[in-house]
Amino acid sequence: MVPVTWYMALSAAVFAIGVFGFVTRRNVIIMFMSVELMLNAVNINLVAMSHYLEDIRGQIMVFFIKAVAAAEAAIGLAIIIALFRNKPTAHIDEIKEMGG
Amino acid sequence: MLVELFFFYFAAAVIGLSLMVITRKNPVHSVLWMLLLFFHIAGLYLMLNAEMMAAIQLIVYAGAILVLFLFVVLLLDLKKEIGEEQYVGVWPTGVAVAVALFTLLLIMTRSFVAGPHGNITIERVRELSHPGVVGRAMFTEYLFPFEVASLVLLVAVIGAIILAKKRIKE
Amino acid sequence: MESLVMNSLSYPILSVVTFLPIAGGILLMLMPRGNDNLARFGALAVTVVTFLLSLPLFTAFDRSTWKMQFAEMSPWIPDWNINYAMGVDGISVLFVLLSTLVGILCVLISWTAVKEKVKEFHVAILIVEGAMIGVFCSLDMFLFYIFWEAMLIPMFLLIGIWGGPGRLYATIKFFLFTLVGSLLMLIGIITLYLKLGGTFFIPELAAKAGSLPIGLQTTLWLAFFAAFAVKVPMFPVHTWLPDAHTEAPTAGSVILAAVLIKMGAYGFLRFSIPFFPEATKAMAMPMMVLSVVGIIYGAVICFAQTDLKRLIAYSSVSHMGFVTLGIFAMNTQGLEGGIIQMINHGVVTGGLFLMVGAVYERTHSREIAFYGGMAKPLPVYATMFLILTLSSIGFPGTNGFVGEFMILLGGFTKNRMIGLFASTGVILGAGYMLWLYRRVFFQDVSDNVAALADINGREMAAVLPMLFLVFWIGLNPDAYLGFMHATVEHLVAHVNASGGAAQLAQISQIIEPIGGGR
Amino acid sequence: MGITATHMLIPGLPLLAFLINGLFGARVIKEKAHWIATLAVAGSWLLSVLTVMDVLGGKTYYGDVYRFLTSGSLQLAVGFCIDQLTVVMLVVVTTVSTLVHIYSIGYMHGESGYWRFYSYLSLFTFSMLMLVMSNNFLQLYFGWEAVGVCSYLLIGFYYNKESAAIAGKKAFIVNRFGDFGFALGLFLVFINFGSLDYRTVFAALQNWQSPVLHIAGFDIDRITLIALLLFCGAVGKSAQFPLHVWLPDAMEGPTPVSALIHAATMVTAGVFLLARCNPIFNMSHSAMMVVAITGAFTALFAATIALVQTDIKRVIAYSTISQLGYMVLACGVGAYSAGIFHLYTHAFFKALLFLGAGSVIHAVHDQDIRNMGGLYRHMKTTAITFWIASLSISGFPLLAGFFSKDEILWLTYASHGSLGKVLWMVGTLVALLTAFYSFRLIFLTFHGQFRGGHEKEHHLHESPSVMTIPLIILCVGSVAAGWVGLPPALGFENHFAHFLMPVVGHPEAHGSHGEELMVMLLSIAVGLAGIGAAWMLYGKKSDIPDRMAAALNGVPYRWLQNKYYVDEFYDAVIVRPVIWVAKNVLLPVTDGAIIEGIVNGVPKSIGWFGEKLRSLQTGVVHHYATIMATGAFALVVLALALMGGR
Amino acid sequence: MNFQMSDMAYILPETIMAVCAMLLLVADLVIHDKKVTAWLSLAIVGATMAFTMSVPVGTAFSGMVVSDRYATFFKMVFLINAALTILVSGAYFSARKEEHGEYYILMLFATLGMMMMASSGDLMSLYLGLELMALSTYVLAGFLRRDIKSNEASVKYFMLGAFSSAFLLYGISLIYGLTGTTQLAGIAKMLGEGTITGNPVLLAAIVMFVVAFGFKVAAAPFHMWAPDVYEGAPTPVTAFMSVGPKAAGFAVMARVFVAAFASELAGWSALLAMLAVLTMAVGNIMALGQTNIKRMLAYSSIAHAGYALIGVIAGTAQGVAAMMNYMMIYAFMNFGAFAVIILLDRNGTGFDGLDDFRGLSKTRPGIAFIMLLFMFSLAGIPPTAGFIGKFYLFTAAVNSGHVYIVIAAAIFSAISAYFYLRVVRLMYMEAPDSEIMCACEPVRVKIVLAVTAAAVVLIGLFPDALVSLARGSASVFRG
């Protein structure tokens, strides 16, 4: 039997990798994918806990997270497209009109 | 024992694939590695008796979201970016933060105490089938969030259209 | 409520006197721009009517009681147990009268001096007048605080818009200095409110606060001190005053000198002493020392001034040092002297600023060296200035003497060395004021002033009330001291009776959490 | 007995005159201002004389007329005390004042601000009368300060003259130093006796044990402290060393003012104070000693300076200081009546000297005696009266000054202890010097050749009768005023001392009539010797003074000419340090660098910090995300550190 | 539990809003004058407001929805905010030729999301409401598609928003694992047993919530997005964002922390206290050097989040009431300040430099005076509403023993006065550079100004109604 904490450790690792990707990668698409990684980390956590707690709630949550992720993807990518039209670059650290 | 072995395989694969996803120069490659990653995650779900989740993982994530990503990546012309530096200047800090966060979360898990158990035992899942259990819950207890989720998707549609549609000719 | 004597006049005098100028200001604000004279006459009418309506405070005041008179009380924010409570006692009544008087004088002296944004100027004057009166009338700490702070806004604008060349720096300095102090006081007020059963009613707080443990009393005392010391201003938080005074337009200087800086000392009298008698006793010595330092410091630094208004401003630091000295001597003579000296300082320094303003309007110079021999071309002006100068240096027969004498007597009674050092302020005061007078009015007539016209009727009308008061208070101080005897005696008795209160508090521990004030 | 309207009118009339002249002088009255003022003061004089008659008849009056200030136990009132001492002062003040008023009609004729001059004079007279008639310390203090202000105004009457403006200010401020002590004395009186009323205080003194105080390492009797503090006031007002510096400078004022204020009346207020407070001083031997020594020293000190002064008014001014020293000395040895007696006679001859000097100045338009000489031929009345006054001050037998000075010298000699003898010797020496410088002045001014040039000599003339008549009247006083207090040694009864006895008592003289006669003869001798020396040096054509000056042009002469550098000393020790500290420490360092440094430094450093913070806000998303993640990490660590493992 | 028709009563306002918004979306296709859409959406907001006020109290949908007075209060804040935004938007967008019907629809959906957040009884509905709000707002921030700044604002907001959502979800997952439930009431009950108090996992979960909510309310160090997004977003959207999502963040924050995590009060209030001080410091200090008014107001709004946090930190019903009261007041004064900027916007060319305020009292005295009111209110000077807000907060915090936070808040208030006064100084004490030509003076914006100014003054003078409402509404919290 795999203890739930193993899954949590895995989740933490994936989450951290997501954080790492988000804060270091210049490419906005890959940053976005990093966010998806973080969400998947959460999902692993939730499904594992749902399993161990013998409760369905976690999985329902995962379902909604996926729905929202889809919506986020749509909006996020649309925003990226809109941005790209004005400033054709995917390296988002170049976009710093404002600061200070 | 076998279960543990399976877990270790999946865990190793998930971590490795995640790293692949975020380190590729070309986003197209990242998307493809991610596809593989999602399959492995789906495998984990199967290990956890969440067949429905595994299915959705493949259908929604791999099928819909990743394809969307792929479209966008292809839509944007990213040749220039591939030749450039891929990491921001502060990446060592990023590594440090990620490692620190991971270590912290890892240490923390040791003191995890599971909450009270619910009533959806494996027997009950077997009895009703997993989609059945999820569906029942979804349309009874979780009807409200389900409806809200639809609004979220509606907003996404509106938003995507308004932002991404071609310019209106003046 | 046993500490109140409700208003029995045919009109709610304190509310009327407070809100009439404010209402007048708002009305004026709504009037169209352009008609400057309308604004001037309107403001004059409002201030004069306010003054006339405030006169019953002088005539109908019952001098035999320490209770709050002309009181009004009605719920305002019942949720926090805040009432609209107004009333005056022997400490505050004179300041209300002084404020209403100063309002008129400010309008008069600015008649031709202010040429830009005339309407707005008078709006600011009126609102500041109302707020000042409100401060002195409030019997509710919350109401008090509202007025106390609200006054900053028009004052900020007065200095900043119509002031001299360095007005921006001066006005922001003024604002921030006082704001920092006030915010600390606000925390003190809140703590007091919470610790004493959720009341803001000042007489009730005065009755209860003495029972707080001495440590808390001292902390709260310091919080209040922060606000009042800045306002007074006491050394070493006085540096906003010279800037504000110097850069403010004449009316602003007058308001500052005559009323605004009195509020700090008033705060000590109204809150610090009656609320925290134990802490006050503990802090009396440091306060007296600070006062003496202020007296001497302010006086000595006057010798280095080259700017007319700046010199008078620093002299205010010195004079207000006398006031706080008298207050913290905490005997009858000291307290009454302190109060009367506040009035006196208002009259005299207010008068001096009026005078300086009148001539500044002609020459646009504040440099002492610019002037000289003014007694020749402007004899009447010189005479009036001389009278104010004499009063400022405490010449017997003028009001300045009465206050200084009583304060020094009180201070000397309390502590010989303090009295001794404070008395040197009298010598120094004579030194710098006569030095100023000599350089401005005596010696060769400066070309700059040779052709100046003497003070005109309007300006004279603005200054004469001050001169009148100089002699009235100076020759018949009992007419004014009579107002405060009962109140001051009560205060002294209250402070003296507070001996065992600290121990009492340790037993009763009346600290209970207040949920939402109810 | 209670106070009547008559008494109130004595100061009331001049006050009325002041108000009328002050309010309407500039526009309405103008050149007729003297009528109102003079009539008023003459009225006061008349009423004073009536009062004197009353008091001579044995009546005294005492009472409050107006409650001034009440605060707790402090009860102050305006009230009058008409007793023997008061009436002497009344006579002196109103008489000299009246004469000066009349004299000024001529002297001040045509001056701009004529009405102002008279209104000030009236105000002064009023203040002085309030001072001497007071029945309490506060009113005394009021008069004290008020005469100071009048003095300030009158010294600075020619305000366009810088020296006059400065002198006025100096007079006021130096007096403030004295008043500072005086005020502290009042506070102590109030604290110890609970009242400022003469009667109450003096009555309380009867059975009062003075506690001993420890001040700066000294044990000091509280009554001594009170006495010394009060004496501070007297030192200032009566120009005693070390606060004498204002009086010579006060000569910048118009000469009638010098006569009235700075010779006859105001400056004697200190002596009056000592006499009035004699119950207090009598209780403290050490205070008395200080008073006596101060008086004697001042007398000598000022007399030596007077020896070399060349300004006619300054000579007389130092003479005044010297004579005031005598009076203070008298009080110091307990001979209050003698002090007052000298005050009274001095008023006549010193006023006369000043008015005479005024007459001279009026003629010569110069104050430097080196530019005078031979004026006798041109202005005989002035010269003769001046001669008589000088003889009087020199103690020429049978003149007023002789009797009063002699009484002082005798009573000093006769006071117990060897100190009295020393002081007597000093006093006698001063008498010598007095005679010398007085006649030096006479010889240089009225005799010999005129040294002011021919042009000027043609214009020399005697002053108008409005000026000379007061001179003559004062001259009569200078001669005869002393006859009310003839010495018992010659077989007379001293009526004056007897008259004052109810107020000031009488000192016991430790000596015989023989000794008294010896003292008297000695003083006559030194007086004559002084006159003779003056004649030798200045009356005859002689170059001795110049040679002496040349020979002594070391320390003594230069020090005398520069008045022992007291002014310079004060300038260096008090005035300059205060201004230096104000300009170089308080303003730039304390106020500027420290307080303003903090006041402006705090916002500045906040602003600086803000700029540093702003550099974190780069606009780069990654940085933001890094900070967020770091924040999350930090918060977890913090949470674990704070709460973990509970 | 199955769905029952009676549950609908509790979400009637939301239902009406959602349905009407969707209908409007369709109707917009045939409406050419977008003003009509604007007015219609305003009508929808009005109707929702009317129903909100009469919604019954209770829980519905198996505890997913909690309808109580607390939620109602916040819903009123959101609706007022939406109404004001709708009023000021038309002129702004039409001047830029970007007035689309979808704008109003998204605005309505964003508000709907906030309302759902306010009345969520479950982390699930909370998350969905939050995302509904967030996604709509991301789009709104980037609504000026041809403006690079708007794009940048949108992309930054979106990326960091998604990032912070991930943290929230991670926190939710941990809480779920620890308590076996996502229902707030259940969590409170479970934590109340005290078996896992101080458990590191619980603490980490709480921190994750702090990160996510901190992001929404723009509390330091999760505030970094705010200045850039506020500056870049279209001004009406900035106004909307600076009030709505922030208030929504506080609404859920109080619910989650004060109600659900009540047993962990000591832990999270210490964390939040540090956050609050840091937020006040960063907001106020960084606002000092700004030259762009929108950016300055962004930092100001960060600082205000710091003040409002004090109410949450108090952890009592009184504290929550103070926070609610502050949010309502803040909505008016902050929105008013933005409305002034919108009004002065010169034909869409942008009015955002602080220097543009120079001499405004001469050219536009009325506007200048109103701006002065807002500035003093934001600085918390009586007799304006801002003072009442701060006073209540301070009282609550002192009452719960957080005196040091209050002292810090007082000091930072004084610092804040400096930059608010700078605007006043520019308007009143300096000469105008040029005449401000304002061709368009939409009545709608003027209405907003009148309403907000009146509210600022009236609440300042007669706060009792609002105060007692807030106190009553916060009574759902114990303590």
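To keep things simple, chains are lettered A, B, C, D and E as they appear, and every chain counts its residues starting from 1.
Quick note on the criterion: contacts are C-beta pairs under 8 Å (C-beta built on N, C-alpha and C of every residue); 3 or more make two chains touch, one makes a residue touch a chain.
Quick caveat, the model's predicted, so the values are computed rather than measured.
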item: Both-way neighbours, i.e. chains that touch subunit E and touch subunit C; value: D
item: Top-ranked pair of chains - ranking by C-beta pairs in contact; value: A-B
item: Centre-of-Cα separation between subunit B and subunit A, whole angstrom; value: 7
item: Whole-Å gap separating subunit A and subunit E, where each centre is the average of the chain's CA atoms; value: 26
item: Rounded Å distance between subunit A and subunit D, as computed from the means of their C-alpha atoms; value: 96
item: Mean-CA-position distance for subunit D and subunit C (Å); value: 38
item: Multi-partner residues of subunit D (each touching 2 or more other chains); value: 603, 614, 617, 619-623, 625-626, 629-630, 632, 636
item: Multi-chain contact sites of subunit C, meaning residues that touch two or more partners; value: 176
item: Two or more partner chains touched - positions in subunit E; value: 124, 128, 131, 135, 138-139, 142, 145-146, 154-155, 159, 163, 176-177, 180-181, 200, 204, 227-228, 418
item: Chains touching one another, given as label pairs in label order; value: A-B, A-D, A-E, B-D, B-E, C-D, C-E, D-E
item: Touching residues (chain side subunit D, partner subunit A) in the complex; value: 614-615, 617-622, 625-626, 629
item: Subunit C partner contacts - residues on subunit E that touch it in the complex; value: 316-318, 321, 361, 365, 369, 376, 381-383, 387, 391, 394-395, 398-400, 403, 406-407, 410-411, 413-414, 417-418, 421, 424-425, 428-429, 462-464, 467-468, 471
item: Contact footprint of subunit E on subunit B as seen in their complex; value: 104-105, 107-109, 111-118, 139-145, 148-149, 151-152, 154-156, 158-159, 161-163, 167, 170
item: Sites on subunit D touched by subunit B in the complex; value: 620, 622-623, 626, 629-630, 632-633, 636-637
item: Subunit A residues touching subunit E - in the complex, by the definition given at the top; value: 4, 8, 11, 15, 18, 22, 28, 31-32, 35, 38-39, 41-42, 45-46, 49-50, 53, 55, 57-58, 60-61, 64-65, 68, 71-72, 75-76, 78-80, 82-83, 85-87, 92, 95-100
